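Below are two complexes that have chain A in common, paired first with chain B and then with chain C.
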Partner chain A sequence: MSFDYAPAPESRAIVKIKAKYGHFIGGKFVSGSKHFPTINPATEEVLSQIALAGKADIDAAVKAARKAYTQIWSKMSGKERGKYLFRIARIMQERSREFAVLETLDNGKPIRESRDVDVPLAAAHFFYHAGWADKLEFAALGTSTKPHGVAGQIIPWNFPLLMLAWKIAPALAAGNTVVLKPAESTPLSALLFAEICQQAELPAGVVNIVTGDGSTGALIVNHPGIDKIAFTGSTEVGKIIARAVAPTHKSLTLELGGKAANIIFEDAAIDEAIEGIVNGVFFNQGHVCCAGSRLLLQESIADEVLEKLKIRMAKIRVGDPMDKNTDLGAINSKEQLLKIQDLSAIGDAEGGQRWSAPCEFPKKGFWFAPTVFTGVTQAHRIAREEIFGPVLSILTFRTPQEAIDKANNTPFGLSAGVWSEKGSRILWASQQLRAGVVWANTFNKFDPASPFGGYKESGWGREGGRHGLSTYLKGVGHE
Partner chain B sequence: MSFYGLVDGSQASLTKYLGALSGVDQVGADARAAMLATRSIKTTSKRWAINTAISMVDLTTLEGADTPGKVKALCNKAVRPDPTDSSVPSVGAVCVYNDMVAIAREHLDLIGGGHVGLAAVSTAFPSGRASMPVKIQDTQDALDSGATEIDMVIDRGAFLSGDYIGVFNQIVQIRELCGSRAHLKVIFETGELVTYDNIRKASFLAMAAGAHFIKTSTGKVAPAATAPVVLIMLEAVRDFYQMTRVRIGVKPAGGIRTTKDAIKQLVLVNETAGPEWLTPALFRIGASSLLNDLLMQRMKLDDGYYASPEYVTID
Partner chain C sequence: MSNRIYVKKTYKLFINGSFPRSESGRTYEIKSAKGVFIANPSLASRKDLRDAVTAAHAAQAGWNKVSAYNKGQILYRVAEMLEGRRAQFVDEIVSVTGLTKIKAEKEVTDSVDRLVWYAGWSDKLSSLSGALNPVTGPYYNFTVPESMGVIAAIAPESPSLLGLIDAVAPIIVGGNTVVVLASTKAPLSAMSFAEILATSDVPAGVINILTGKQDEIAPWMASHMDIDGLDISGLATTSHSAVRIAGTENLKRIYSFKSADPGRILAFLENKTVWHPIGL
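Then we have the complex of A and B:
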């Protein structure tokens, strides 16, 4: 017998999923009219029926948010608002296992990641912003501050709870009230968060959660009663939103796509760089807007790194996301799986050499093996378009300047990685890279105090840190 | 003499060989080791891991107060860790000081323990602060008394002062002395080498000098066999295998006291060097109190409850 890890499934008994959900408006759960299913992408089991918000629902949510803003939240002292945020953060920690299990069921991500990354980071964002609530004049560099009013927030399916935290925590700390729409395929953790708002006795209407699809998102974006739009999602939709918001009074922040270069110089610590490559593109099945999906290898070490990377990739444990030893879970939806398959087929057709780690998939659900393409150049579509899956395109370079030129040669600019044991090279490269986040000798590290956001078509504004907070305040920094 | 043709014995060739190694990023190595520590090993795989870990224990006593009686008791325990259950494997080896080797040899042979290795700590263990003739005599004594494994310490002072060729030559000499009579384990005392770069360098140096095993620590200095240190040594034997097609063993020692610790070590092996290393021929755990915890946990898997500590023997 060999050391095959026996199944170590996390119990799902801790979560109680209702057969049907409505919206959370004005502090209460209200029933919806039309519904659509949300499924577990690892089993294709229908988890629940989710309400599809229409115009009347959005009107009601915006009205509740406006009322809460005018009558309660804008009048409350920062110190008091902070108390609510601290309370929410603590409850999130107390109920962290519930959140982690629910997130994994609905999203398909490994329980190890929802337990060790998503949920703790989400709580950290509430703790961090709770501390800001009574110190806003410091965020505003000494000037007086004012919130926007009602914020409409639309979040993606890749980190459902974490993206909710990135949106709601700074909005509330700054004194706004919110109408938030979780993604169509991953609404459950947001609905559990609504329960936490009740448990924390957050004043009714400060947080409103409406579920639905793209049509619901459009209703939020175009609603005249909303003062600020914050969107995380694709660049394609981001552009539509920017056009829609342009002629209005609304303030806008966008967190969009990316095609990050992860640059490995020949003087890098190779074994840790291998881990960084794996974490960069296979974390969360590659469903990460800042994923290091374009690997730039210095030619002198390319063969060695590729050989080591394949050995390492063969050890990635793909399968049941609820198993505590799973490293790569299910692709979030059939639609996304088809997109990954299509772009990979284009990679084949354009002459890239595909290699996938050998792995067995469960019988049902949506799966894609960790994959690399070698022989890729800047002229390949898989080096330019966001695949948003566990697919790595490998390019090479000869000199540091060539690496920078290639890294910047993209309409995106969300993140980049630099691997070198030479400090001066890291400092030089990070100054040259046009990306909102540059990681040195690490990748996909997040912290509430660190601003996150994109250059170019990767977005407008920042989230996290003082920069992110300022986007929820009038007249401070980016508006 | 040189092994694998990697270093010709000159300072220049050793400098070139070590200079080609990439550095280790401490934060990244720590993070990888911490991630692997989250593996959840249950039921059948736990049972396999416990049995495997028992067979990998180098059951050790290295005290000034060691006596023939203590050493004989240790040998009994090594051969039959659980006298009531013959399905429990013998441990990998007993590990004693030089002057106890003859006593252990005689007793192991007497009780039918010829299959259990007999390791002697050598070369002025634990500090390594003696002249080379003394170190050679120390090792020769152990070999003549019947040791089948020599656990030598490197000269950390020489290493830290940059005299890599001095360290290299000492290992080569001891390896030659061992010949075909004994396996050579080379102890780095990682707690004194401190940096991960040093540990990586020492690993490649010792392997090129002919070590059969590379070993973390003497057990006399803390920190000892931390997970990142073992990770780096496992990466080194993996890469060395790619270079030479020769598999070098790894022995963490010091601080591994519980079944949980031991299973974490096996996970590190499995996911770093690979399953080929999951054998006592290529992985040992230097320990004393660990064995009883492994036995306790083994009983718990069989019985479903924790037995009284009196059910495991104290030796």
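Then we have the complex of A and C:
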């Protein structure tokens, strides 16, 4: 007997996508000069034409942000600033279905995730930070509560709206104004957010959204009228930005790459750990900087876990992101798909044994099956480099100390996972792991109250919680 | 006693609890404010820096394990011993810098008091900067500040003793170890402070002190891949950009401070957030 899922497609009727978009500068949509297409990665359908911001656009956006900062936002009380953030949070909740559908169309992530994770968390971030706006002296721990001024923010394509919320909410709560650039391949939810700013009657220029590619990002990073840069993306680009910002007065926070170890001790609850492994690396197609992409299995349970993992992986439903039953959606772009394919081929060439879950892909779009590599050593590139796709590298260990040594043997330090039913072992491992977030007997959980960010080359600063807010103030850490 | 030949001191480096000369064999001359020869301190080289970083690395895990209560007591003991040797430090500051005795006494007093202030922070940092985060869902979620690793620092030219205290104490109080370049023109109080450290309970390698030139040492501090953070408060501002750029190779945390406040300690601490489910 078969228990197939009937199709359960979400309607896209709720969103109206314009044929062409401009930038949102000084509270108004202004038309761009050059445009590029943004596509639905699940169908390769062109969704809209997006403006490519050049120097004049960035100058205009920075000027609008500066004017709003000087004349309005820096003079407004925290109590009043906070009310705007509360308004934004509320309107995001009201229009959450619209955001979820738009996000899935533009990004390729399953509608279930955009609906249940991205959009509610984005609204929660605004709600959380709204309450900080009139309490900054308590966030500053006795240091300065002054904002930086104009913040330039560059966000990635993996969680477009959520990353926007992580950036804009604390910046505004702390009293900065912003110029934000969404990722080249996922600009639509940020442009819808601009409409929300209008509905919330946010003063013109407090939030400016400019679209474009890496060249637009570079214009923001190098703009002399910006006081603070916040970037989420690869470590490679993060270092380029750090070098560019180093000789300037600008403050910088970075959320960069990771190669998280997910450690399964032999005393773990195996079935729960299997779910944690799957959620750890296949959530959001593995397009997650904190993905648990290095699985460290204690030797005594390695065979059992691998067998169960394969059974579980075969049940992952890959396909139409708009179907409410889909677990794994489309790879965000052709470029990213090629990168995943390349690194996986290197995994083969270096002697890893590849196994992919059997699945049928839609005829169009970009797809990659959930995949594991066994026989991986620490020297293999698939154990060292961020793949940013649904690919898991499996290594083994004998002693707890060996697990920690292997987990920490990376220039990254964003996140880690540890699975054990023994409390003291969990706390010991949590202490030893050099990572900014440790998920113990869980994985890939996020919350606006919970600081997120990396050690070592995974970044500078935190996002979320008091720690994240403080990166938008001049005081704590004296940047 | 007036005819007695004074026993002069050789000022050397302080690395891993010992007092080596620079491996380069180099020294430079320190004269009093009035131009009288005082000493030939070591002119540290890149190799000395690397040795110091190796020592700091080896010491870090052990120092990090020392309880916050105990770290506070160890720092407090440094203050006790500085208090007991006030006269020597006042004399050295007066002779090298030409400060009045009253001003030198104030600097030593402030240094003792500053050490006590930092010592008191050791077991409050987690209360100040840690948090139990009220996340949505059945999870216990907490954030704790943790040591970053090996931090390098460049102490200001002046005040030579108080500046050194501000360079090293906030770094080590949270469990980091430090390699510091002392004031070039006035290194005597730094090296006498090293004698205090050597006979205090600060473990070898936790604080390593070099004397030498900023232009020679700062670029190597910036590019050293085993240094996790850098305090450039004392570095000539004309060199800040180059050092900040070089430090991006391993994304070093680089800060310049203007005051002694908790932010100075927290800048060189990482924050770790741990999640665990709550359930039966």
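Before moving on, here are some points about what is shown:
The definition used in the following text is that the second predicted complex is superposed on the first by the 474 of 479 C-alpha atoms of A that agree within 3 Å, B and C clash if a C-alpha of one lies under 4 Å from a C-alpha of the other, contacts with A are read in each partner's own complex, and residues count from 1 in each chain.
One rule holds for everything that comes next: a contact is a pair of C-beta atoms (placed from the backbone, for glycine too) under 8 Å apart; a residue touches a chain by one contact, two chains touch by 3 or more.
Please read all numbers here as calculations on a predicted model, not as lab measurements.
In this superposed model built on chain A, chain B and chain C occupy separate space and fit side by side.
Contacts of A:71 after superposition: neither chain B nor chain C is touched. Of the two partner chains placed around the shared chain by superposition, chain B is the only one that A:324 touches, whereas chain C remains out of contact. Contacts of A:456 after superposition on the shared chain: chain C is touched, whereas chain B is not. With both structures placed on the common chain, the touch criterion links A:353 to neither chain B nor chain C.
When the two structures are aligned on the shared chain, A:442 is found in touch with chain B and with chain C.
Applying the stated contact rule after C-alpha superposition, one finds that A:124 touches chain C and leaves chain B untouched.
Set side by side, chain B and chain C differ in how many residues of chain A they touch, and the one touching more is C.
Taking the C-alpha centre of chain A as the apex, the lines running to the C-alpha centres of chain B and chain C meet at 120 degrees, rounded to a multiple of 10.
In the superposition on chain A, contact of A:465 is made with chain C only, not with chain B. In the superposition on chain A, A:238 makes contact with chain C only, not with chain B. Here chain B and chain C sit at a least CA-CA distance of 5 Å once the structures share a frame through chain A. Within chain A, the residues touched by chain B in the first complex and by chain C in the second are 441-442. If you check the complex, the residues on chain A that touch chain B are 1-8, 112, 116, 267-273, 275-276, 307, 315, 324-325, 421, 441-442.
Across the interface of their complex, chain C is touched by residues 124, 141-143, 235, 238-239, 242-243, 246-247, 254, 256, 411, 426, 430, 435-442, 445, 447, 449-453, 455-457, 459-460, 462, 465-467, 475-479 of chain A.
Per the touch definition, chain C reaches chain A in the complex via residues 128-129, 131, 133-137, 139, 141, 143, 148, 228, 240-241, 244-245, 247-251, 253, 255-259, 261-264, 266-267, 270-277. Chain B contributes residues 22-25, 27-29, 31-32, 38-46, 48-49, 52, 232, 235, 242, 266-267, 270-271, 275, 278 to its touches with chain A in the complex.
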